Amino acid sequence: MEKEEAMDITEAFATYGSCVEREAEVRECVQGIVKELEKTSYSVTTILERMHNAQGVQNISKICEECREELSKVSGQYSDLQSRVPPGEYYRYHHTFRATTQRLVAATCLVTYLQEARLAPHDEVAASMGLSTRREDGFHLDLEDYLQGALALTHDLSRLAINAVSAGDYARPFQIRQFLRELHGAYSLLYPKNELRKRFDELKYALKKTEEVVYNLSLRGLKPAETETSG
Amino acid sequence: MEKEEAMDITEAFATYGSCVEREAEVRECVQGIVKELEKTSYSVTTILERMHNAQGVQNISKICEECREELSKVSGQYSDLQSRVPPGEYYRYHHTFRATTQRLVAATCLVTYLQEARLAPHDEVAASMGLSTRREDGFHLDLEDYLQGALALTHDLSRLAINAVSAGDYARPFQIRQFLRELHGAYSLLYPKNELRKRFDELKYALKKTEEVVYNLSLRGLKPAETETSG
Amino acid sequence: MEKEEAMDITEAFATYGSCVEREAEVRECVQGIVKELEKTSYSVTTILERMHNAQGVQNISKICEECREELSKVSGQYSDLQSRVPPGEYYRYHHTFRATTQRLVAATCLVTYLQEARLAPHDEVAASMGLSTRREDGFHLDLEDYLQGALALTHDLSRLAINAVSAGDYARPFQIRQFLRELHGAYSLLYPKNELRKRFDELKYALKKTEEVVYNLSLRGLKPAETETSG
Amino acid sequence: MEKEEAMDITEAFATYGSCVEREAEVRECVQGIVKELEKTSYSVTTILERMHNAQGVQNISKICEECREELSKVSGQYSDLQSRVPPGEYYRYHHTFRATTQRLVAATCLVTYLQEARLAPHDEVAASMGLSTRREDGFHLDLEDYLQGALALTHDLSRLAINAVSAGDYARPFQIRQFLRELHGAYSLLYPKNELRKRFDELKYALKKTEEVVYNLSLRGLKPAETETSG
Amino acid sequence: MEKEEAMDITEAFATYGSCVEREAEVRECVQGIVKELEKTSYSVTTILERMHNAQGVQNISKICEECREELSKVSGQYSDLQSRVPPGEYYRYHHTFRATTQRLVAATCLVTYLQEARLAPHDEVAASMGLSTRREDGFHLDLEDYLQGALALTHDLSRLAINAVSAGDYARPFQIRQFLRELHGAYSLLYPKNELRKRFDELKYALKKTEEVVYNLSLRGLKPAETETSG
Amino acid sequence: MEKEEAMDITEAFATYGSCVEREAEVRECVQGIVKELEKTSYSVTTILERMHNAQGVQNISKICEECREELSKVSGQYSDLQSRVPPGEYYRYHHTFRATTQRLVAATCLVTYLQEARLAPHDEVAASMGLSTRREDGFHLDLEDYLQGALALTHDLSRLAINAVSAGDYARPFQIRQFLRELHGAYSLLYPKNELRKRFDELKYALKKTEEVVYNLSLRGLKPAETETSG
Amino acid sequence: GLPGTIASPSQDTVLMDLFREYSKTLDKKNDKYERVYKASRDVTVRSKRVIFSMQRIPGLSEEERETLLGTASGDLRDIEQTLLKHIAMELRDEDPYQFVNAYTAGLQEYIEALSFHHFLLTGSIVSHEEVQRRLTYGPQDEAQAALVPLSVLVRPKEYILGVADLTGELMRFCIKCVSTADFDKCYQICDVLKAMHGGFLSLGYIPAKELYHKMMVFKSSLHKVEEACYSLQLRKSEVPADMLSDVFAMYDAEENSSTPLL
Amino acid sequence: GLPGTIASPSQDTVLMDLFREYSKTLDKKNDKYERVYKASRDVTVRSKRVIFSMQRIPGLSEEERETLLGTASGDLRDIEQTLLKHIAMELRDEDPYQFVNAYTAGLQEYIEALSFHHFLLTGSIVSHEEVQRRLTYGPQDEAQAALVPLSVLVRPKEYILGVADLTGELMRFCIKCVSTADFDKCYQICDVLKAMHGGFLSLGYIPAKELYHKMMVFKSSLHKVEEACYSLQLRKSEVPADMLSDVFAMYDAEENSSTPLL
C-alpha cells in the first residue's frame, strides 16, 4: 500500500518541481522587459534635458514631439510585460517595475504640461501607456504610482523657470508658478503620507524657488503683458 | 480655461483621495482576519502537543479528531479573507498571511500523516482549507507555501519517535523513519533552494535522529513483528 | 513680544530639564538598591550551580536551605526600594528592576520546585519577597514578571536531568519531564506572546531535551518503578 | 591513505598561502608607489585651491603652469608602477591605484579646461601621464578611469563660477555653463551606470548651480556681450 | 592534589577580583568628573548659540565674555581629573574625556576667533585649560584633540555668516571667508587623514557655503569697502 | 596684521605636522611587531588543532612541547614591542596588541592545562611571555587581558571532550568537566561583566556540553574507575 | 507533593485553575492596553489632519484663515472630548505609567497639533500647564463630583517631544510663507525656532534616543528657516526701503484676490 | 578654443564623436562581461544540480552509486566543454583578471561540484593543478595549433573558496551517512575536514572577507561532523566488537534491498 503511495508523492512532486521552475523563468523574462522600459525612460530624459538650453526654451514644442514619439514605444513594452505576468499575479512582480513606471509617468506628465499647461489625469496617463486604471483589469497603472510619478516633475519645472529667464523668456516662470500652485492644492486633498509626503515637500521648495524668480522679475518690471490672463 | 482645468484636477484628486483611504481599510481588515487564523493555528498546536504524552501516544486518533474539528474553522476564515482581498490583489496581501498559512499547512499535513500514514498532497490540503490550488482562481493556496509548510512537520515527527519509545510503542519509530525517507525522496526532486533548502536540511536531521532510534531498538531486539510489512 | 515668547520657551525647557534631573536622581537611587538585589540574585545562582555537581544532586535539600536563607534578604531590599519609588509611579521605574525581579522569581520557583515538586504560585512567591500581588497596593510583584520569571527555570531543570543521570539518580529526569509538561500545559493557556513567547520556546526546548533523557533511560530499562504509570 | 590525503591538502593550502603572500608583497610595493602618486595629486589639489581666491581668478594661467609642472612628475611614477606590476596582471592590482589615477585625471582635465576651454580626450590625458590607452599594451589608462576622473571636475567648476562673480569676473560662469552642458551631452551618450551614474548626477547638480549663477547675472543685466548668442 | 590546586585558584581569583573592583571605582570616579566637564561644555554652547540671534550679532563681545567666565571653570575640573588618573594610565581613560575635551577646545577657539580674529594655537588653548602640551608630563592636551577640536568650529562660522546677513551685518561673511581660507591653508599642511579628514571635509563645505554668501552679497553690490582687496 | 598672523599659523601647523608624522611612524612600527606576534599565535593554534585528530589525543604531550617551543619566541617579540612604545603610552597602543595578547594567553593556559591539569595564574603566564604583571612597570600583561585570555580556552576543551570519546579516550571528558567546574567557581568570584561576561557565558555553554558528554558515557557505563568519586 | 513523588492529578487541576485566573488578568490588561492603543492611533490620525489643514493657511485671506483656524479649534476640542477622554476613562484608577507606551504617540501628535494651532493664533508656544489643563476633565454630574478628576497624564517628556515635532511643521509653514511673501511670519518663526534651539541646548546631554533623533531633524529645519530669512534679507537689500512698498504693490497686482496683501 | 572664447559647434561635434567612440568601447567590454557573467550563472545552476544529485548517494546500492557518479562525471565534462569553454574563448587575449568577477561565482561552484565528485570517487581532494588542467583546452585543429592554449584562469583563490564550500556538502553527506549507517564514510569525512581545518588555520589571518565568512560556516560543519562521529562511537561502545556484526545483520534484515550492507 505504501509503495503505491510513495509513487503518488513522487509524481506529485515532479509536477510541483516543474511549476517552481516555470516561475523562475517568468521572473527573468519580466526583468528583461523592465530593462527595455528603463532604456526608453532614459531616452526621454535625455531629450527633455535639451529644454534647459537657450535654444531649447524656444523649441519646447519640438522637443515634446520627440518625447511623444519615444514614449509611444512604451505602450508596446507594457503589453509585452502584461503578456508575461500571469493574470492575478500583478502584485507579485509590481516591485520590479514600480520605479521605472513612476519615471515614465513623470516624463509623460511633464510633456503634457509643456504642451497643454495642465496636469494629465490618471486615466489619460494610463491610456497613453496602454494600461488600464482599474485593478480589476489585472495589469494596470497603479494609482499610487501615478500620484508619485506626477509629483516628480516639480524639480524640472523650477529649473526651467530659472533657465527661461536666462534665455529671455519672462512669461514662463509666471505660468509655472501658477501650475505648481494648482498642483499644491490638488495634492493637499490627499493628506500625503510617507514617500508622497517627501515629494510634496519638494513641491513646496520648487514653488518657493519659482516664487522668487517671479518676485525678481516683478521687482525689475520684467513682467510680460500676456501673463496677466494666466497669473 | 485654467480655472476649469483646476476644478477638474480638484475633482480628480478628491476621487484619488478616497481610493487611497479605502485601501488602508482593507489592510486593517485583512490583519484582523489573519489574527483569527493565527488563533486557530495556536489551538491546533496546543492539541497536537498532547500526542507527546504517554497517554497521548495511545490516543492519537482522538487527538487527530479534535484537531480536525478545530481545523474545520479555517475554511470559513479563509473565505472571510478572500471576500476582503479584492480580486487580482492576492499578492498584494500575501506576505501578511503567509507564515500563518504555512503553519496551518504543517498542522493539516501532520494530522493526515498520523491518521493515514501518507503525505497530503497540495490539492487535498488546499481543499481542506477551502482554497483553490490555482493562481488563476485568485485566492488560493500558493504552491510554495504548501511545500514549505508540509516540510515543517519533520521536527514533530522525530520528537514523536523518541516519546513513543518512552511510552512503549516500538512500532511507531519504524513507521516514521519510512515516512521521512519518502519525504526525502519526494523533496529531492525539487532541488530545494533558499528557505526550502534550510527546511530540507532539517529533514535530514530528523531522519538521522529517527534512524538512531530505530538502530537502538534493533540493537536491543525491540523490533516489533508488525513493522516488517511497512519497514 | 518675542522676548517674552523666548522666555516662555526657556521656562518650559527649564521645567523639563529639572523634571529629567529629578527622575534621574530617583533612578540612580533605585539602581543602587537594584544592585543589592542583583548581588543576592547572583549569590543564589552561585549556590544553585552546586546542584549540578555529583555531590550536589544528593544534597539538594541542603542547597535549597542555603538559598532560602540568602533569599530571605530580598524582602528587606524590596521594602527599601518601595520607600524610594513615589506612590503611583511604580511603572515609571519598573524597567529598572524588572530583569532582576524576574531572576529572583526564577530562583524562588526553582527552590520551591526542588523542595516540593510543584510550581510556587504568584501570591506565594510575592509573599516570600515581601510584596503584594495587587497593583492597587502600589509596589507589587507584577503578574507578567512572575510569569516570565517562573518560566526561566526550565533551562536549569533540563540540565539537572542530564547531571542527575551522570550521578546515578535515574528517577529525577522522569519527575522533571512530568513537571515541564505540566508547566507547558499551564502556560499554553496564556497564549504566550513577545518576551513570554521566547521563554515558552525555551520551555519547549528543555522539555524536548528531557524527553530524550527519559527515552535513553527507558530504552535501557532504567525506568524507576514508581514512574511506570506516567512515563 | 588518510595520512597521504592530509598531506595533499596541506600542500594545497601551503601553495595558496604562498600565493597570497606573494600577492601581498606586490600589493605593498604598489601601494608604496601609489602613496607617491597620491602626494603629487594632493599637491596639485592644494595649488588648484588657490584659483578660488580673488587673486586666483586673475592668475589662473599661472596656477595652471604650476600644476603642469607638478603633474609632470606623474609620468615617472607610473613608469615605476608599471615595472612592479607583472605583465598580464594589470587588473589584478587595478583597484589599488584606481582612485588615485582618477584624481590625477580630474586634475589634468581641469587644468586643460582652464587653459584651453575644452575637454582633454582619453589619449591626450593618457599621454601626459606617460601611459598607453590600449589594454593590449599592458599598463594603460583604463577608459572607465578616464571617464570617471574627467567627470570629477564638475564640483570645482561650479564653485569657480560662484567665486568668479565675487571677484568681478562675470563672463566665466557663462563659459562654465556652456562647458558643463557639452559634458552633459557627451556623457549622456554613455548611458551612465553605477559609479559613473553617481558622478553624472554630480554633473547635473553642478550644471544646475551654474545655471542659477547665470540666471542671477542675466537678471541683473550682467551678461557679457559675447555670450549673448549662446546664453 | 586537585583539592589543593583548586584552593590556589580560588585565592588567586579573590585577589584578581579586588583588583578589578578597584579599577571599576577609578573608572566611575573619572566618569563623574567628565560629566562636570560635559556640563560646562554645554553651558558654553548654550551661551554661544545666542550669537545667531538677530540681536546676538551686535552683542558678540558680551557673549564672548560670558563664555570666558564659564570656561574658566574648566581648569579646576581638569586638575581634579588629573589627580584621579594614575600616572602612566592617561591613555587608558583618554577615550572617556576625549570628545568632551574636543568640544571645549572648539568653544575656546571659537571665542578667541570672535574676539581676536585669529586661531588660538595649541599651547595657548592648553594653558587656558590648565593643561600641558607635552606627553611626558602625563596629563596633557593631546595634539590630535586640539587639531580636531579647533577644526570643529567651521560649521558654526558658516552658520554665523548666514545669520549675520539676516541681521544686516554684511562685512562679517567676508571676514569669515578669509579666516576659513587661512584655516584651510594651515590644515592642508597636515595632509589630514581619518577623523581629521572628515572634519577637513566639513571645513571645505563650510568654506563653500560662506563663498556662496559672499557671492550673493557681491552680486548685489553689498561688498564692504575695506574687504575690497581680499574678497 | 592678518598677514603676520597667517604666517604664525603656518609655522605652528608645520610643527604640528611633523609631530603627527612621527606618531604615524611609531604606530606603523608597532603594527609591524604585532603582526609577528600574530604569526606566532597562528602557528601555535595550528599545532594545537592537531590534538583533535584521532591520533592527536594520544600525542598531546608531544603537541604541547612543540607549542612551548613556538611560544618561547613570544618573549623576544614583546621586548621589541616594549622598546618601541614610549613610556606612559602603553594604553595608547594597547588596543593594537590586545586581541593578539589574549590569544597568546589562551594558548599558554591551554598548554599548561594539558600538561599539568591546572590553570596557569597571572604571574606565571606573564613571566612566560617576558612581561611584568604590574602597571607601574609600564609595559605589562594587563590583568583583564589575562582574565579574558584564560577564559578563551573553554571552547577548545569542550570540543576536545567530544573528540576524545571518538578516539576511545573515555576518561578525559570527566577530567575536563572537573576543570571547567573549577574555572566556573573561580570566575564566579569576579562577578563577571561586559566582555568577560560573554566569555563566562561561553564557559557555561562549554561546561553544559561537557556534562552532556559525561552523561552519555555514564548512561552507557563508560565511567572510568578513578573518577567515580567526583563524577 | 513531596520531593520524589509525582504531582497528583488534583495538583494539575490546581495549577491549571491558577493559570486560568492568570490568563484572565493578563487578558484584561492586554485588552485595556489594546483599547488605549487604538484610541491613541485615532488621535494620531486626526491630529495629523488638523496639522495638515493648517498648513494650507499661507496664501489664504484673513477671513479664510480665521474660518480654517476655527474649524481646527473645533476639531481639537472634539479629539479632546472624545478620544482623549476615552483614554482618560480607561486610565482612571490605574498607574498611568503602565499604559504610557500605549498612548504616547497619539498624545505627542495631539500636542504637536495643539501647539501649532496655538502658535498660529497667538504667536507663542502653548505651555505644559495649558496642555494638561485641557486634558483634565471635571466631574460631569453630582455622582462623580467626589472622585479624583479624570485626566490623561501629560509627562514633560510627551510635551517636549510634541513641541519638538512642531518645529518641522513650522519649517514647512515658513517655506510656504516665503512663497506667499509673508515675511513677518518667516522672521517670527525663525526667532521662535532659535529660542527653542537654545532651550534644547540648555538641556545638555539628552539621554532619550528619541529626542536626540528629533534634535537632528530640528537642526536641519532650523538651518532651512535661517536660510529662508537670509534670502529674504537679500531680496530686501536690493530695493531702497521706501521703494519696497511700491514694488510689492506692483508685485501683488497680478495676484488673484485670495492672496493677502502685505 | 582659447580661454575666454566659447567652444565652437565643430568642437562640440568633435567631443560627441569622441564619446561615441568611447561608448562603443565601453559597450563592447560590458557586453563581453555580460556574456561571461551569464555563462557563469549557468555554470552555477548546473553545478548545483550535479552536487545535489550526488547528495542522493547515501543509502543507494553500489551499482546505483556508480551509475550516478558516471552521470555526474558526464555532466561535469559537459559543463567544461560547453559553458566554461565558452568563457575561455571570451577571455582569449584578454587580461583574465579584468573579468574575474564575472565568472568567479560559477567557477567556484564548478570546483565545489568537481571536488565533491572527485572525493566520492577517490576519497581525496582534487588538486589545483588538476582543476586548471581540466579547464585548459588544447588546439582543436591545425589552424589554431600555434595559438596560446585556451583556458579559464583558476586562481588559487577560486580553488580554495570552491573547496571551502565543499565542506558544507561533505557535512550534509556525512549526516545522511549516519542515517544509512555508512560509518566508514563518516570517519573518512571527519578526517578530511580536520585536515582542511588545519590547512585553513595555517593560513593565519585571512584578509578575504569572503573566506572568513566561509570559515565560520566551515567550523560549524566540522563541529556537526565531529558530533556525528562521537555519537557513532557511543553507539559502538554499547556492543562488544564481535557482537557488532550480528547486530547489524539483524538491523539490516528489515532494510529493503536498496540499502547497502555494511
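Per-chain numbering from 1; labels A, B, C, D, E, F, G and H assigned in written order.
Just so it is clear, a residue touches a chain if its C-beta (ideal position, glycine included) is under 8 Å from a C-beta of that chain, and two chains touch if they have at least 3 such contacts.
Heads up on the chains, UniProt names are A, B, C, D, E, F = Translin.
What you see is a predicted model, and the numbers here were worked out from it, not measured in a lab.
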Which of C-G and F-H has more C-beta contact pairs
C-G
So which of A-G, C-G or F-H is the twin of B-H, meaning more than half of its contact pairs are the same residue numbers?
A-G
How many angstrom lie between the centres of chain B (Translin) and chain F (Translin), each centre taken as the mean Cα position?
49
For the pair chain G and chain H, the C-alpha centroid-to-centroid distance in angstrom is 60
Taking each chain's centre as the mean position of its Cα atoms, how many Å separate chain C (Translin) from chain D (Translin)?
64
Of all residues in chain G, the ones touching two or more other chains:
191, 198, 202, 204, 238
Touching two or more other chains, which residues of chain C (Translin) qualify?
191, 230
What pairs of chains are touching here?
A-B, A-D, A-G, B-C, B-H, C-F, C-G, D-E, D-H, E-F, E-G, F-H
Within their complex, state which residues of chain C (Translin) touch chain F (Translin).
42, 46, 49, 52-54, 159, 162-163, 165-168, 213, 216-217, 220
Which residues, counting only chain E (Translin), touch chain F (Translin) once they are in their complex?
2, 5-6, 8-10, 12-14, 16-17, 19-20, 86-92, 94, 117-119, 121-122, 135-136, 138, 143-144, 147, 178, 182, 185-187, 189-191
Quick one: in the complex, what on chain H touches chain D (Translin)?
1-7, 11-12, 15-16, 18-20, 22-23, 25-26, 93-98, 100, 123-125, 127-128, 155-157, 159-160, 163, 188, 191-192, 195-196, 198-200, 202-204, 207
Show me the residue ranges of chain H that touch chain F (Translin) in the complex, using the header's touch definition.
190-191, 194, 197-198, 201-202, 204-205, 223, 226-227, 229-230, 232-234, 237-238
What residues of chain C (Translin) sit close enough to touch chain B (Translin) in their complex?
181, 184, 188, 191, 208, 211-212, 214-215, 218-219, 230-231
